[in-house]
Every structure is written in structure tokens, then in C-alpha cells.
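In order of appearance the chains are A, B and C, and numbering begins at 1 in each one.
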Amino acid sequence: MAKIDIINVQKYYGSYHALREVSLSIKEGEFMVLVGPSGCGKSTLLRSIAGLEDISGGVIAANDQPVNDLSPQERNIAMVFQNYALYPHLTVRENLAFSLKIHKFEKSEIDRRIKLAADMLGLTDYLSRRPKALSGGQRQRVAMGRAMVREPTAFLFDEPLSNLDARLRVEMRTEIRNLQRKLRTTAVYVTHDQVEAMTMGDRIAVVNKGGIEQVGTPLELYRDPNNMFVAGFIGSPPMNFISARADGHQAVLEDGQVVTIPVKAHGDISIGLRPEHIFLDKLEHHHTLKCKESRHFDLGSSLQYFFDLNGTEIEVSASGDVRSHSGVEIQIHFDPNDLLVFGADTKRIR
Amino acid sequence: MRTTIQQPNSPQNGETFQFKPELLTLSRTWKPKAEEGRLRKMIFVWIALAVIVIFFMLPIAYLFSTSFKSPVDVVDGSFFPNAVEAENWPRAFAQVPLWSFMRNSILAAAFSVFVTLGVAVMATYAMLKLEVGKSFLPDMILASYVAPPIIALIPMFVLMQKLGLLNSIAGMVLIYGLMNVPVAFWLMRSFVLQVPKALDEAAWLDGASYFKTFFRVTLPLLYPAMIATGLICFILSFNELLFAQAMTFDSDSRTLPVGISLFQGERRVNFGQMAAASSAGIIPVYFIALFCQKWLIGGLTQGGVK
Amino acid sequence: MMLLPVLAGLGAFFIYPFVYLIGLSFSKSTLANTFQKWVGWDNFDWMFTGTNFTSSIATTVIFAITVSIVQLILGLLIAYLLYTSVKNGRVLRALILLPLMTPPVMVGIAWKLLLSPTGWINSLLSQAGLIEQPISILGDQRFAFPSIMLADTWQWTPFIVILSYAALQSLPEDVFEAAALDGAHARTTFFKLTLPMLAPALLSILLIRMIMAFKTFDLVFVLTQGGPGGQTDVSTYTIWRTALQEFDLGLAGAQTLLFAIVISLVTLPIVFLNNKAEARL
């Protein structure tokens, strides 16, 4: 168990700048999720923590001790890989015992830990099987077991659920999270799935283009994003952005409709509005915008509308009966306090 | 040109287009609808296959058949002996020390395989997985494979002379062992690359050193590849002539190809005995070819086509 | 550390021979008495003016290119036939593996027997009325070189068959299913689909075969000893004779260097291009 500090870490691949001055503090026992689009550098950051990538600058420290110069073997970190990386020629038991044997643990201690992990993960009946004879979910559990038995400084997860089907993925999220809570081991979890990030992380770091955009609890990121990238990445369906020109609290859309914004701004802005904050029925204090429906999908439990506003597509989640049809003009309503305002530089105006 | 799928409204036949699951299998075998066409195609295939098999079996069959011919039958020009004469075989073994040649060949080839694998497997792993030597070393190995072996013949001859290894099986083991390294590298390459990098990384994080990772994780996964590579290298060494005939001088070290090539070069050689000796020399490799077919084809194709 | 043996191997089989050969080629050396004195370019002068070595190199290049292309076409056709028309080709492929495994010396002997004046081919030809007297096929200027090519093709076409068969198997099935549903004719499928998709693999196979064909020695050694009239004098055989029959190591060194340079010029550019193309895939 350890806290991990990442200070100004840089990584170059040739001239490609993969990590740009990344700093992040992970508290002891915390479940930190690194989320971002593919190629954003989140996996590189994770692998740097593991020691599988050399960093070009900065410091990575565990419990205030720099580990930059330690090889992966010396860092006592366990990792769950995307494709599990189970040793195919070894049985489940041997997979779990591999690292313990290398570290020359007593046989009784190895057996104790394997039994503990197998009980916890429901693998007891499969200990003598080879990975090939296991289902995806079972392999996933073995990979976690292999990380667990070592009682490492930290768990690293590299998109571990991406090869599972949707139902199993949801199940495993809870399982991983419960396990980590029980063991209280610091965990760093990489995913590109923001729902996974929101449901699993104590805190989330949103990574983009080799840098961290924002760190915070899931709710902080949802309610109070620092910029358009975070606002657009966190939340499902994604936030709608409407471009406008602002003068104080007044913002004028391209077609001349006027919206009152909760903060003062000047010049070109983007107004962010989450689909779940738009209503088709007017309530008190609500503002109204006119737009045209382009299409809708009936998902059974809810309706997904797409409206056209000056060429921008606005997504709205609603319930109840279908209200409109393609091409019909319609009014949408929202609480102006739910609006987020972003400047031309995509930064939030508060 | 006919099409395989009938047009929906083609006026020639009244049938309407129906989706037939069999159509999906057309990818591999195009089966004309007409029974007659299918028959014609089958006849063509059978004739073609027969020609192919006959062509590739012909010289071997002729060699074996000649080994049972009397001296009179040999000059007769017929394919099969008029009367089976088994005498050629024992006479060939009496004339030429075939057993020694065979022993030498098998020893040289077998031990050279261990040298080759010992050198090549770890090196292939280090070069491809740990990226030691970047692309320079693999390129060098490729270049050394392109270079004809005659380049090494004279210098190696002189080197072996100095080491006192001329005319010895040990010398041939060393020569073949090193000579086949590029081939082994080429064959092992795709097998090594198929082992996911994450497995090595998992082992490193588990605390295994680079050597331990290689021996406990990668190597066990490469056993099948090593068997295939080893068999191919064995056959290459077993069949080799150029170096063996330059560097071995007597029946204590001469290999089969050398012994038999010298035997056939003698002026008054009996064709029947020559054929018998050659047939005898082929048997060990055919044994391997038939029983280890799966490994050989697997090894060749993995290495040859990515 | 893991590389030490391979470095030693490269040194022994590649770098040391090259350095040694360069030394030899500028010296008067015999097998018994190497490096008697330095003679400058004498060996090279003699190679170009006093020997037929350039024609031997031409023979080798013609041989390598011809057999590799012929065998590629033949091998691909056979592989395609096996792939499309034979359900379980295990027995056939086992049989076809045999020529490849046969020691080249034995291949040579088998063909020598077949082609000899008293052999089966001659009796076949005379029965067909094509010849009146048995002819010495291997001793005939017209037939000796094609005979070597024939024996080589017999031995190596199976190699191409096995590799192209694997390449065919690795092609994505769904593309052919799509083509079949599009109503593509078998011939169209082969030329428009199969062949272009196989092209990179076929290029690799062709290269490997060509490189090996440059090294041919055994068949010539057994079948013709370079004759008749130098028709089948492939370079490896010529160099071998210069070094181990005439014992002139200096000249052999010069010949080997020239041979190595020619092979490199012909193959290396394609080899590396091919490698780069492969890496990009």
C-alpha cells in the first residue's frame, strides 16, 4: 500500500511528445481512474508507473521514494493486462504462484495466499486448469488473483474489461471495485470508457493529448468541468454545445435567439447543456429555445431526440410519448443555471 | 460468361431467385450448376492430380526400382525390373561403408541442431523482444543468409585446419550448427513474435529477471517451434554436400551425401548398387518426412509466410 | 549476453570469411600454402581475362531467375488446385513433401539414372519414335542445362506448393464469400482477388527461392560437373573447383567476392524492400 506521486513526467517517442509534464498524486488506498480517448497517453502513463516504459523527464515516486531507476522487477507492482497475459503453459495455480515462487516464499505461505485468492475470486474449482480452458470472465479473475497474491504496492489495470461482453463487464466492474475496497490496495485503472470511469473511480483523471485535463471525483467532473474536453467526455449521452456571442449575461445565438447565461462573458462562446437537463415541458424559471426536430429513436424506456439548432445537433433524453416528428419545429426548455459557458479557448468561464 | 447466381427475373427459366445457404461455400469451390460441368471438372482435377503425383514420385520410384534391377535390366531402359534382384542392397552395403556414413550424418546433423537452437533461440528472443541490436543485427543475419555458403567454405576450411577439426564429426557439428543459425532465426522469427509482449511484461512485474522470464515463460511456449525448426535444420545438415565433401576425408567422418556422391562418381559403378545405396541414404529423411510431416509443414509455413 | 553466440556465429560465418577472402584475393595462395605474396589486382585481372568466370556468373543468374519463376508459377497452380479441389490434402501434401526432403545428391542420382542413355526417358523417347539412337541427355549442349533446371524444379516446386498453400489458407474467407455473392466467376476471382491478395506473400516466396537457387551446387556436382562445355558451370561449382581441384585460393577468393557482389546487387535491394513492405503490413 502506497501513495504514488507523478511529478512533471515527460515521455518522448523520438520527436513525438507522448506525455507532457504530467503531474498526479494518488492517495494511499485510492482507486484512481485514468480515462481518455485512445492514443491520449493514459496507457503510457500507466506503463511508466509500472516501469515498463522509461520516462524522458520528471519523477515517479512511491511513498515519497523516487522509483525512476527501479526496473519493473524491483517495483513490487502488479498489473492486470488487457489480454490478461496469463502464462498459457501454466495451470491457474502455477500462474498464481509464479511470482511467489520467484520471490522464494515458503510453500505453506504460497498455499495460504492462493487459497485465499481462489476463495475470494471463486476460482477454487479451476486451480488445476490451464488458461485456455477458462472463460473470459474466469481468465479475468485469474489475472486479478495473480495480482492479489503478491500483496503489491499498487494494482495497475490496463483496460482489463475491454475483451468481455457488455453484461460481464458491468459485473466485473463491481467485483474489481469490491475487491480493491476489501484489500485497500492503491489502484490505478486505465479505461477509455467514461461510464466505467464514473462507476469505478474514487477519483478520475481525464487524459488528453499527453496531458491531464482535470482530476476530481466523478461528480466534480460531471458538475464542474474545467473545459469543453472534460465536459464533452464525461457524461452520457455527451453534452451539447451551442455557439453564441456573449455580452455580459446575454448571449445571442446565430439565428438571433437570446439566452441568459449564468456568468458574465464577452465575445465568442460555447454554451454547454447536458441532454438530461433539457425538457420538452416548460417549468417555472425555465428558458426556452426554438429548434427543429431532425430525428428521434424510441428506446422503449426513454426517447432520444435530435434537434437542429443553427446546424448544430442537440441531443435530448426524454420520457413519455413521442411529441414531434422529423421537420417539426419544437420548443425546448432548460434551467439557465444548468448552462456551462466556455470561452473561445475552450476553457470554462466561471 | 455464366454467372453463379440466377438473375431474379431472368426470362429463360421461370425460377425465382432464392437465397441458398450453399452459395456461401462457393468461395472455395466454384461449382457449376450443371451436373455435366461438375463431372468434367472432377475429371480434370483427377487427371491433374495424377500428373502431379506421378511427376513428383517418378524419380524416387525409378531409383527404388533400379535398386532391384540386375545389371542386364539396368541397361534395358524399362521402368520396372524384369526380375527383382535384391542382391544390390547387401552388395552396396559391402562395397561402401554405408553404415558409417549414416552414423556420421545422423550424429553431425543431430548435434548441430542443438548448437543451432542453443544459439538461435535466445538470440532471436533477445533481438526481437528485447530489441537488442535494433534492426542492425537482424539485417546482418538476413544478409548472411543471402550470402552463398561458398563464401565461408575456404575461410572455414583454413579455420578448421587450424583448430584441428578438419575431417571430424565435431567439426561438421560446429559448421552445420552455425551455418543453420540464419535459417533458424528466419523460422523462429514469427513464432517468437507471436508470444505476446505482455507475457514478458507480466513476468517482469512478477519479479522475474530477463533470463528467468526467457527460460520460465517464453521458452516453454517455443517448444513446438523449436521442434519444427530443429527438424528442418536436421534435414538441411543431413543433406548438405559442399562443406562435408570439402572437409571430410574418410569413412570415420564422411557423411552420406559425400559417400554416395563419391560412389556414383566412380567409373565402373554398378547402377543397381548405386541406386540401392542412394535409396538406403534417403530412408532416414523420408522417415522423418512422413512421421513429422505436421511439424515440418508447420515450421516451413510459419517461417515462410507471416 | 544472450547474443554472444550469435555474434560469434556471425563472425565465424560472415565477417571473418569476408575479411579473409579479401585478403586471399590480393595474394598468391594455394590450399597448402596460403599468402605466399601480395599480388595486387592480379587475381582479378586473371579472373576477367583468363577464365570464363563471368559466363559462369551469367549462367548462375539465368538459372536462379528461371527456376524460381517457373517454380513459383507451377507451385502456385498446384497449391491452388489442392486448395480448391481437394478436401483433405494431407496424404497428397505428405507425398509432395518427399522431393523437398530428399538429399540433393540422391535427387541428382535419381535423375541421372532417368536421363542416362540407358535410362527410362531414352527408352520412352525411342518408343515414341522421336529418337533413333539413345542420346546422352546430360552430355548434350542443348539438354544439359534444362536437365539441371528440371531436377531442381522437381526438388523445389514442393517448397513453393507448401508455402503458397499456407498463404492461400491465410486469405480472409469473407472476401471470397462476398465475391461469390457478387457472382464472380472462378477465373475472375483468381486473377482479380486471390492473386493480388497473395502478391506480397508470393514475392517473399520468390525471393527465398531465388536466394537458394543462387547457391546451387549439389545437382551440378552429381549430374554434369559443369559440363558439357561449361554449359552448367554455376558459380559455386566453379569456385569449388578453383579452390579444391586447382588449389588456387587467390583466384577462388577473387571469384567468390565477385559472386557475392553480384548476388547482393540482384537480391539485397529486393530483400530489404520486401522486408520494409512486410513491416508496414
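Keep in mind that, in the parts below, contacts are C-beta pairs under 8 Å (C-beta built on N, C-alpha and C of every residue); 3 or more make two chains touch, one makes a residue touch a chain.
This is a predicted model, so every value here is computed, not measured.
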| item | value |
| --- | --- |
| Chain-level touch network, classified as line, ring, star, complete or other | line |
| Farthest-lying chain, centroid of Cα atoms versus that of subunit C | A |
| Subunit A and subunit B, separation of their C-alpha mean positions in angstrom | 53 |
| Whole-Å separation of chain centres (CA-atom averages), subunit A against subunit C | 58 |
| Rounded Å distance, subunit B centre to subunit C centre (Cα mean) | 15 |
| Shared-contact residues (touching 2 or more other chains) in subunit C | none |
| Shared-contact residues (touching 2 or more other chains) in subunit A | none |
| Complex contacts: residues of subunit C adjacent to subunit B | 2-3, 5-6, 8-10, 12-14, 16-18, 20-21, 24, 31, 34, 78, 81, 83-86, 90, 92-114, 116, 118-120, 122-123, 134, 151, 154, 157-159, 162-163, 165-167, 170, 173, 176-177, 179-181, 183-186, 189, 201, 204-205, 208, 211, 214-215, 217-218, 221-222, 235-236, 239-240, 243-244, 249, 252-253, 256, 259-260, 263-264, 267-268, 271-272, 275, 278, 281 |
| Subunit B contact footprint on subunit A (complex, rising order) | 50-52, 71-73, 75-79, 81-83, 85-89, 98-99, 102-103, 146, 150 |
| Subunit C-touching residues of subunit B, taken from the complex the two chains share | 1-5, 23-24, 26-30, 41, 45, 48-49, 52-53, 55-60, 62-63, 66, 74-79, 118-120, 122-123, 125-127, 130, 132-133, 137, 139-159, 178-179, 181, 185, 214, 235, 238-239, 241-242, 245-246, 256-257, 260-261, 264, 271, 274-275, 278-279, 281-282, 285-286, 288-290, 293, 296-297, 300-301, 304-306 |
| List of subunit B residues in touch with subunit A within their complex | 196, 198-199, 201-209, 212, 216-217, 220-221 |
